[in-house]
Every structure is written in C-alpha cells, then in structure tokens.
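Both complexes shown next keep chain A, but they swap its partner, so chain B is in the first and chain C is in the second.
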Partner chain A sequence: MLFSVSVLIFVVLRLLPGDPVSIAIGAGHRGVGAEELDQYRTESGLNRPYSVQYWLWLTKIFTGDFGVSYFSQEKVLSMIGGHLMPTVELTFTALIAAVIFAFTLAIIGATWPRSFADRIVTAIASLGMAIPTFITAIILLLTFGIWFPILPTRGYMPFSEDPIENMRLIAMPTMTLAFAAMAPILRMLRSSLGDAATSPWTRTAEGKGLLWPKIVRKHIFPNALIPTLTVVGITFGRMLGGVVLIEFIFAWPGIGTLMVDAIFKRDYMILQATILFAALATIIVNFLVDIAYGIVDPRLSFKNK
Partner chain B sequence: MRIIDKEKNTLFRRVLRKPLGRISFIFIAILFISAIFADFLAPMDPNELDTVNIFAKPSLHHLFGADDLGRDVLSRVMYGGRISLIIAFFASLIAMSVGVLWGFLAAQIGGWIDDVMMRIVDALLAIPIILLALILVAALGTNVAVLAIIIGTILAPATARLARSAVISELQLDYSHAATVVGASRLRILFSEVLPNTAPVLMARAVICASDTIIIEASLSFVGLGINPPNASWGSLTRTGYEQLFNGYWLVLAPAMIILIAIWSFNTLSDQILEALDPRSGA
Partner chain C sequence: MKTNKRKITALAGLLALVMLWTLAPASSAANVAGGTCKKVGDIVKAGNVNLICDRVNGKSTYYVSGGTLKYGYTGGGLVALNPNQISSGTQKPVAPLLFDALVRINAKGAIVPWLASSWTSTTDQKSWTLTLRQGVKFHSGREFTNSDVRRNLEWISDSANKSSQAGEIGKIASYVLKGRYQITINLKDANSQFPGALVFIYMADPLTLTNPGVINGTGPFKLSEFSSDDHVYVVNNRSYWAGSSKLDGIKVMRSPDATSALLSLQSGALDMVWNIPPTSIAQVRADKDLDFLSAPAFTGAHVLMLDTKSAPFNNVKARQALSYALDRETIFKTAFGGVGEISMTSTPIGLKDTIYASGMTQYTFNLDKAKALFAEAGVKSGDTLTFWTLAGRRFEWVAMAQILQSDLKKIGITLDIKPQETASWLAKFFPYSASAPKLYPDTIVANFLSPVPTSAYQLNAYTTGGNEAKWDNAEYDALMKDALSASSAAEYKAITGKMQVLYNREVPCVIPLLAANLTAYRSVVKGMFLLGEGTPQLQDAYFG
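Up next is the complex of A and B:
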C-alpha cells in the first residue's frame, strides 16, 4: 500500500508544470544564465530520467535520507522534524477532545433515547459531518476573535516558553479540528450504543438482576466500542486533510503549512516526503486500531486464530 | 420502459412529500435559479465600484453589506454561485460517468482485472481527499474546466466502489438470472436491466458528489489554489472575506453561510432519496 502511494505521488508530482530549478534560482538571484540552470539541474539530479530519480529517492528513504529541499537546501527530514511538534500537538489534543465530547454526548443521547437532548445530539452529529473545516474555523474566529475578542486569532507559541499563551493559541484550532473529528465517532457510537441497549443480552443481564451501571460497563460498552473503533481509524484520515486547512487559517507552523508552502514553491522533495508521512501515519493508526480490536473483543485477537 | 419511468416519478414525489426533502429541494432550486438568472435578479452589478459604500454594513440597500471596494456582497455571492455550481455540476457528471463505468466494468469482468481495478481504488482512497486535490490543482492549474475534471476524478473511486457493489448485488437477484436464461447479452442485462435498478442509489451518490465538490472547490479557493480573484466563486469570496476579517464580519459570513446551506441541502436531499427508496432504513 505504502509502495503504491509512493509511486502515485511521484508520478503526479512530476506532472507539475513549472520547474523547481527556475523557481529556486530565480528567487535568490537575478539574471541567471542557462548554464547555471543546467549546472544546478545536474547537481540536484533533476536532469536524470524520472525512473532513475524515483529509484534514487526510494532507495535513499530506506537509509533515512529523504533528500534536500530544492529551495532552502535544508534536509527534508529536519524540516519535517521542525514542523512536526505543532501538528502532533494539535492533532492529539483535538483527537482527545473529540473522543471525550463524542463519548459524553453519545452516552447522554443513548441514556434518554428520543428525548430532546437526544435530538440535539443527533443534530450536532449531522452538522459536524456536513460543515467544512474552514467554515467552522471562520465561525469560531468571528465569535472568539471579533465579537467577543477573548482569544488570539493567529500564531503559535511552544508550550515550554509560555504555557498559558500556548493554550490560548491552541484553543480555536483544536475546537475546529475536534468538531470535525467528533461527528463520525459520535454518530457511530450513538447508534451502536442504542443497538446494544435494546439487544437480547442486555435484557438477559437486566433479568438476572444486574445493576444498570454494571450492565453499561460490562455489557453495553464493550459491544458498542467495536464498530466505533473502525470509525476512529477513518476519522484520522479526515483529520489529516482538515489539519492542512486549519493550520493555514490559524497560521499554525505545522506540517500542513509546510505542505501548502511547498505546493506554491513546487518543492517536490518536501511534498513527496510529507504525503508519504501522512500515508504512513494513516497506516500506523489503522494498525493500532487492529490491535485495539483484540483488546476490546477477545474473539478478534490473534491468539485465537 | 413505462413501468420504470413511473417508478422514478413516484420516487421523486415521495422525496418531495417529506418536509426535509421539500425544504432541501427548494433551497437547491433557489440557489440554482439565483445563479442562472443572476443577470436579472442581482440587485447590483457585482463589479460596480462604489467608494461611498466601502465596508457598508448590511442594510436594505446592501442586504449582505458591501466589500472593500464598495461592491454589493449579495450580488457577488449570486454571481459566485455560477462558478461554484457549474463546477459542482460537471464534477459530479464526471465522477458519475467515470465511476459508474469503472465499477460496472470491474463487476462485469471480475477475476484478477476486478482485483487490480479495486486495488487502484483503494490506493486512491488512502490519500486524504484534500491533499490529493491540493497536489493535482498545483499540477494542472486552476481554471473552471480543470477544477471540475480534477474534483470529478477524485470523487470517481468512491463512486466506482459503490457502483460495483450495487451491480454485484443486483446480478445475484432472480430477474438477472431470468434475463440470462432468456438469452439477453451481458451488456444488455447490464445497461437495460441493472442500470435502471441501481439508478436511485447512484442518483443519491451524484447529489453527494455535488456537495463534496462544493466543499473541495471552496477549500481549494480558500487556500488560494482554486478560483482566484477577480473571478469569484463562493470559496474565493470566503477567502477575500477572511482577509478582511477585521473590517467587517459580513464579508466572510455571507459566502460561508451560503456554502453551508448548499452543502446541507445536497446532503439532506441525498439522505431523503435513500430513505424514500427503502422506507425501513429511515429512522
């Protein structure tokens, strides 16, 4: 899978019109001759056939060398490293917030089915599914940045330097991302909780005299978690897409900003590496979800196969 | 053929009979009409500069306010709808034709060709849609036709998967076996028996494609890689409004709300089609 993604990315990127060489050189100096362009092409290997370029790139990845940015001459790996923390920080706070909110709301909805509260929960879920991330971001920006200016609108501050400012800055991007990530989890959890609560085994548990909290903990929850876990995996892919736009809107110096920047500059090396990272992250998360299945539902663990 | 036509008719009526179906259909109709007849309906010329009314607040004169050059935001949103909806229409058309053909072929041929075709779909679906769109747009440019083709292509794989599974389940039903027994050719079964029966599901998917296209186009234009000023789509209007955030909330709020209404209407209409198709699935 990772391999097919890598071929796909490479082919698509070579289709880009506009040549990184002329952009990289043109940005630094004026009046460069054709000879210097050729020299730069030879140095960076851009004059080689595409198949050779792909092979060189692929073999170097296995030694941990993702190449050098055509633009800043900085190592791609260290550039990604420099932009990784803000993105990881944002994604994880948002995922945690999304899971907490989704669980709380789903439990409220499932405890009082078809009540007014349940209707609101359903409405929040379908709104979250439909609303594009940048519109959530704009509504939050208007609310907390303009009408009630209590939060800063753009920028980033490392937690180690100023923890309070860091939290104030992360609040809006996190809410935006969490709202988008929460909806599919909430929808799936609410419906599977509902299914589990009306199932025969729950009636049996009630019939043998178990207390309701224990039924919820031991019977309803484990059964409702399995389909929800799948959705968490899928949600992660949605979040990776959403994070690009959110970082752009809130001037958050993460991988997304790096990517958008690289697209404007035609910096293939950075683009290839970031998308490969995104695909890798998705695959790792799905792997973790597979492991979690075994923990939640012993029938699905590898030992029994 | 007559029976099929009648069925389509009742499906359409069943959708319109429900309040949500009717509301979403009316919203979509209003959006299309105001975009198509913007020349007659728009209160002002969308490009007319008016130095007196720079950043005018929403009022009876300017319902949605005026922008940094005094242009009427309502008129600009109506004209912007032209580009957004044209892209939505053609991208869905492309996604449906490519995807349905892809899925039908995979289902009909089967074997290792089916496997290869579906693995390609899997690889395409592994990359987040927005990332794929950003890269393709950077590669191929940003005029309306190219955007429609790119977005249509991105939405095709998921359509192909849906079409394939729909065809496979239809082919297992008695009537397709009966058609085979009678001696109908494979192509004939596929296009005159299976296609009409999968039509409502595919129609619901086409409506979802339109909604996805609006989201993708708006996101791209918002980042600055879609429709660029002075041309206006809903996305690029939102972008302009976002840049002027501190000068007036109406600049960004009006196009953003229109996008939201459009997406909600398309999603709801699609849900209603599926529900009307199978009354048991509706909760």
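Up next is the complex of A and C:
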C-alpha cells in the first residue's frame, strides 16, 4: 500500500508543470536563463532519469533520510518533526471533540425520538454536512475574535510552554474541524441507535424484563457502534485533508501548511514524505478501528475466527 | 443522595470557572516580574510605565517598553534570512530589520546615505568611491569596515551563490580599499545610477553568507527566533548606531490566508498585514482603526506580458490594440480598488517621477481603434486569446481579465481566462532563453514586477534578456547604456524620456497601472512607510 502511494506521488508530482528550481530562482531575476536553471537542476539531481531519482529516494528512506527541502535546505524529517505535533494535537483534539459531541447528541436524539431535541440534533448534523469548513471558521473568527473577543484568532503555542494559551489557541480550530467531522458520525450513530432500538433483540430484551439502561448499554449501543466506528475511521482520513484548510485559516503551523506550501513550490522531497506519512497515519487508524470492532463486539474478534 | 448532588454541583461550578479562566484573554499581569529582572524580555512595572529588561554589554539594563509589533504576512516564502539571497517578496521587509544597506530610500522616496556616509564617482561613471560611517558595529560587537563591503559584493557577484541581487549591481572589475572606511568599486560598465543599485544590497557578516545559522547584521534589531516559513522574532538592538528603535521587538508571523489575517488585524492579534488582496480594501476602509501604508510614488508594475516572438503579439499593432482595449479606469477602480497610480501610457515610469516623459501617446479606452488594430495584426472576430493568471491569489488579475473579457467580446474576440497555481503559471513563460525561447502564442500573461524602486531599474527591466516578453530592441538597449553613462541629471532625463517614448510605442508589456503590494495596519502604529514597489519599512515603527 505504502509502496503504491510512494510510486503514485512520485510520478504525479513530476507530471505537473514547473519544478522547485524555477520557483526558487523565480522570474524577473536578470541573468537567469534556461542554461543557468539547467545547471541548478543538475546540482540538485533533478536532471537525472526519474527511475534513478525514485530509487535514490526510496533507498534513502530506509536509512531515515527523507532528503532536504529545495528551499530552506533543512532536513525534511526535521521539518516534519517541527510541524507534526501541532497537526497531531489539532486532529486528535478535534476527533475526540467530534466523537464526544456526536455520541452525546445521538443519544439525546435516540432517547427522545421525533421530539424537538431530536429535530435539533438532525438540524445540527445537516448543518455540519452542508456548511463548508471555511465558512464555519470565518463565523467563529467573527464571533469569538471580533464581536466577543475572548479567543485569539491565530497562531500556536506548544502545550509544554504555556498550557492555557495552547488551549485558547486550539479552541477555534478544534471547533471548526470538529463541527465538520461530527456530522457524519452523528448521523450514522443516530440512525444506528434508532435501528437498534426497534430491532427484535431489543424487544426480546424488554420482554425478558431487562431495565432500559441495561438494554441500551448491553444491546443497543454495541450494535450501533460497529458502523459508527467505520465512519470514525473514514472521518479521520477526511480530517487529514480538512486540517490543511484549518491550518491555513488559523495560521496553525502544522503538516497541512507545510504540504500546501510544498505543492505550490513543487518541493518534491517534502511532499513525498508528508503524503507518505499521511498514508501511514490513515493505515494505522483504520487498523486501530479494526481492533476496536473486536472490543466492541467480541463476535468480530480475531480470536473467534 | 443530596450530598452527591451537592458534590456534582460543586464540581460543575469548578469546571465552569476553569473554563472561563481558560477562555479569558491572557492578563498582562502574567508578565510582571515583581521588580526583579529574571531574564531578557521581562517586563516590570514602575508606576504607570512598563520597563523591559535587556542585556547590553553583558549588563542587565531597563528600558521603557515600547511594545512588540506583530506583523503578519500572507502567502509564504520566508524560508531564509540571508539578505542577499532573496527568493520571495516576504523576505524583503525582514532584511532591513536585521541588516543595513549602504544607502537607503527615505519616506520621501529619495536615496540617502546610510552605512555609506558619502560617495563620489569619476566622470565616466565607472568608478565609485564610498566613504563608510565609522563606529558601526555588527550585533556580535565586531566593527563594520570596508572589507565587509567587499566580501558582501564579492559573494553577490559569484554566480555559484545564485544571489537574487547579482543583476542589480552589475559586473564589478575590481575593488580598492583605503584604510578601514573607504572603498572604491570599479565597474566594468558605466552606471550613473549606482547608488540606487545598492538599495537592496545588505551588509551582512560574511559568516552569515556562508552559514545560515549565523545571523549577524548591523541593523536596528537582533534575531531572537526563526522558524522557516512560520515566524521571525527580532528584538531591539539597543546599541544601534542610528539610535535604537522605540519598539521592544517585532514578531513577523505567517498568516497564510488573507481573509483570516485581516480578521486578526481587526481583532488586534496582528498590528499589520502585508500583501492583502485589493478585494479587502472596502473592509479596511470601513474600519476607522485601520489604514493602508502608502508610498510617495508607486514603482511596482502590474503588467500584461505579451510574447513578442509569436503571433499575434509579435506584431506591434496587436500590442497597441490590446492597450486600447483595456478600460484602465474601470480596472483601476473595480479590480484594484483605486489604490495605486493609473497608467494611461503603458510605461513603467509613474507620473510623479521627475523623469516622466510628457507628450506620450495616451492609450485611452477605445474599442473601435482596438478592433481596427487587431484586424491589421490578423486577430479577427471569432478568434480566441488566452489570459494566463494565478489561481487562489491575485484576485485583482482575474477581475481585470473579466473586464477585458467583457470588452473584447464586444468586438467579437473571446478571452479564455485560465487561472493556474504558481508553478504552472510560471512554467508557461519562465525562464528566458535567447537560444530556445519559450513561446506562448495568443496569450496574455498577468504579472507583477517590482524592481529596485528607482527609475533606472524600472526601465532596465525591459532591456534584452531582462523580460519574459522576450523584447529585444537594440535602440532601447543602447539608450539604456547611454542613460547609465549620463553625466548630469538633465542628460539622464533626456535619454530616459526617449526610452519611455520608444517603450510606449512598442508596448512589449501593457502596464495598466503602477501599484504596490497592499499593507494594512492598525492606526496606532506610526513611523512606517512603503517603498514604491511595496516593501514596508518597519525600522522606525512605534506605537503612537
């Protein structure tokens, strides 16, 4: 899987017009012509055959060398290291927030089906799906940054340096990302809970005289969780894409910003490495989701197969 | 049961308090260090005045705190601090904070002495002797001397270093150093405008040029922190030779998205933002606390580059036709929000410039003339031209293209607008190559040129090899050479006047307006100004 991603990204990037050398040198610099650019390309190894470039890159990866940025000349791994923590922090905070809110609202909706509260829950889910993240971000920025200025509008502070400022800074990006991520989880869980609540085993459990809280805990919830976990896994993958925009808007110095810059500048080394890491993260999360299936429903455990 | 309820209520109350505390704006009291200076940057209160602790010559000293300016830049590109290897406009405002140049452009747009206190030239304009200011020190404490000037100029001239400023100083034949404070620079070609060439040539410690980790200049601020393409923090250089800044420091921070950067400006999270789109002009004007930086004269040029080596724009009539088809006034008001200087003559020299040539042909919007000239150049009704522009930024170019599209449609020509991301946009026309020119027929390319903000460099950008329009006009090149050899201001004006007339007739690039990248700021910040091409000068900024 990772090998396919590495080949794909390597090929696609080189099919795009432009290269890092022409961007770095830039137009309008007198005395820089095609010959000079070719010389720089040769120095950077970009004039070698693609197969050689790919092989060199791949073999170096196994030694932990992901190359250097064509622009800052920094090591790619150290650049990713510097940008990884903000993204991990934001993504996981938003995912946890999304799951907590989705679960809470779904349970409220399922407990009082077709009530006013249920309609509100449905409306929230629809809004989360319909409103583009960019609009949510602007609304939040206007609300908490301008009209009721209680939250900072931009920037990042490591938790280890100033936990309070870190929480204040992460609040709006988290709300934006979580709002979008919550919607599909909420919809899936709400409908799964509804299905499970009207299922034959629920009626059997009620007939046996089990108390409703126990029915919810032992029967309805585990059954409704399985499809929801799949959605959580997919949502995480989508969040890795969505976080790019959030980082841009809130000047959050994460992998997303690094990746977008690298796309614009054709900084191949950074792009190849970040996309490879994103693919790896998605694989790991989906693997964790698979493990979680077995925990939620022992019938799906590998031990029982 | 009751006890449990009370416990839950108390816990909920405590949680609410913690949340409120977390969300409340950080108190400045958190920075007050009870009167003892624990570290550099600590603020202590003395009555109503905030004092900041700094260390000068190894001793802790207190200064009246002037606050820290928070400067945001949109886009990206601040990846290095070597001032003589600038690959992005975002690096330009940072360089004069840490480094000084030999000359400087002041708020009135005049070139004034800076690290060089005076200069003279020989009558052939080939040999320039600069006398340096004495007592100037690098941040490291070492004295700045003429050998530093030589090492910087040598480094820039060495093609292996790919210095962006190499083209500005031209070719240097030799250096003669006299004592510690005088240097004579012998040029290979005459250049009467040589001091102007030194505006963006910064004097860095030679170690800075070879080691990106050493940032040592003579500028008004010292480097405190740098994270590539994220932020640069600089702090006051209290021993600055020209008098230290009133600010404690400047935080240059990236705010990639222009919309949210502007909101951060309104909220006070930023004090100024560089490079905001003209679409935001109304928003800034509506806020009484915000303003735009202005330049004494604009020297940056929004240009429509035309391929002078392929049809139809290899025909001068097609280029003139396009000049007439541009409704400059509407474009200026609508696409650019009326900020800048409208150019009716398609020359790179602004009306306010003393060398501006009067009596040139005015390309007043005239679709009939445009249609007739296009027809003479072989562009007929039903033909299609392409407008090559950037996607996701430079929205003003797209707006300009839409106005042009609507006007060309009236004379039967279709304009296909193609926004591209930066690399694809650039790949269309760059690099320049005389032997294997990159052709882009039927295409109009929008670009922004920001040469050194002096007339010589504005005109020099269109000599052979200097522009991607591939215009090579021997007469223009010869006039440029003559202008650089001019022995008096009057002679220089006369020659550059001829160049403007020639350029305006040939229109290798159509220039609808002169402008600068927009910088919005909070009105409480004073003392800043803008160079003609759009680089904000923050060295003398302070909170008023």
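We take it that the second predicted complex is superposed on the first by the 283 of 305 C-alpha atoms of A that agree within 3 Å, B and C clash if a C-alpha of one lies under 4 Å from a C-alpha of the other, contacts with A are read in each partner's own complex, and residues count from 1 in each chain.
The rule is simple: a residue touches a chain if its C-beta (ideal position, glycine included) is under 8 Å from a C-beta of that chain, and two chains touch if they have at least 3 such contacts.
As the structure is a computational prediction, the values presented were derived from the model and not from experiment.
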Which superposed partner A:F250 touches (first chain B, second chain C, both, neither): second
Partner chain(s) touched by A:P132 [first = chain B, second = chain C, both, neither]: first
Which superposed partner A:L225 touches (first chain B, second chain C, both, neither): neither
Which superposed partner A:L141 touches (first chain B, second chain C, both, neither): both
Partner chain(s) touched by A:V76 [first = chain B, second = chain C, both, neither]: neither
Which of chain B and chain C A:P152 touches, first, second, both or neither: second
Partner chain(s) touched by A:I263 [first = chain B, second = chain C, both, neither]: both
Of chain C and chain B, partner touching more chain A residues: C
Touching partner for A:A171 - first (chain B), second (chain C), both, neither: second
Partner chain(s) touched by A:L271 [first = chain B, second = chain C, both, neither]: first
Shared chain A surface residues [contacts with chain B and with chain C]: 16-17, 138, 141-142, 145-146, 153, 248-249, 260, 263-264, 266
Complex contact set, residues of chain A against chain B: 1, 4-5, 8-9, 12-13, 15-17, 126, 129-135, 138-139, 141-142, 145-147, 153, 237-238, 240-242, 244-245, 248-249, 259-260, 263-264, 266, 271, 275, 278-279, 282-283
Residue ranges of chain A touching chain C (in the complex, touch as defined): 16-19, 22-37, 40, 69, 71-74, 79, 82, 137-138, 141-142, 145-146, 149-155, 164-165, 167-168, 171, 247-251, 253, 257, 260-261, 263-266
Parts of chain B lying in touch with chain A, wherever the complex brings them together: 119, 122-124, 126-131, 134-136, 138-141, 211, 215, 218-219, 222-223, 225, 238, 242, 245-246, 249, 252-253, 256, 259-260, 263-264, 267
Chain C to chain A touching residues, read off their complex: 21-26, 72, 76, 79-80, 87-88, 159, 162, 164, 166-168, 212, 227-230, 253-257, 259-261, 263-264, 266-270, 421-424, 426-436, 447, 449, 451, 460-461, 465-466, 468
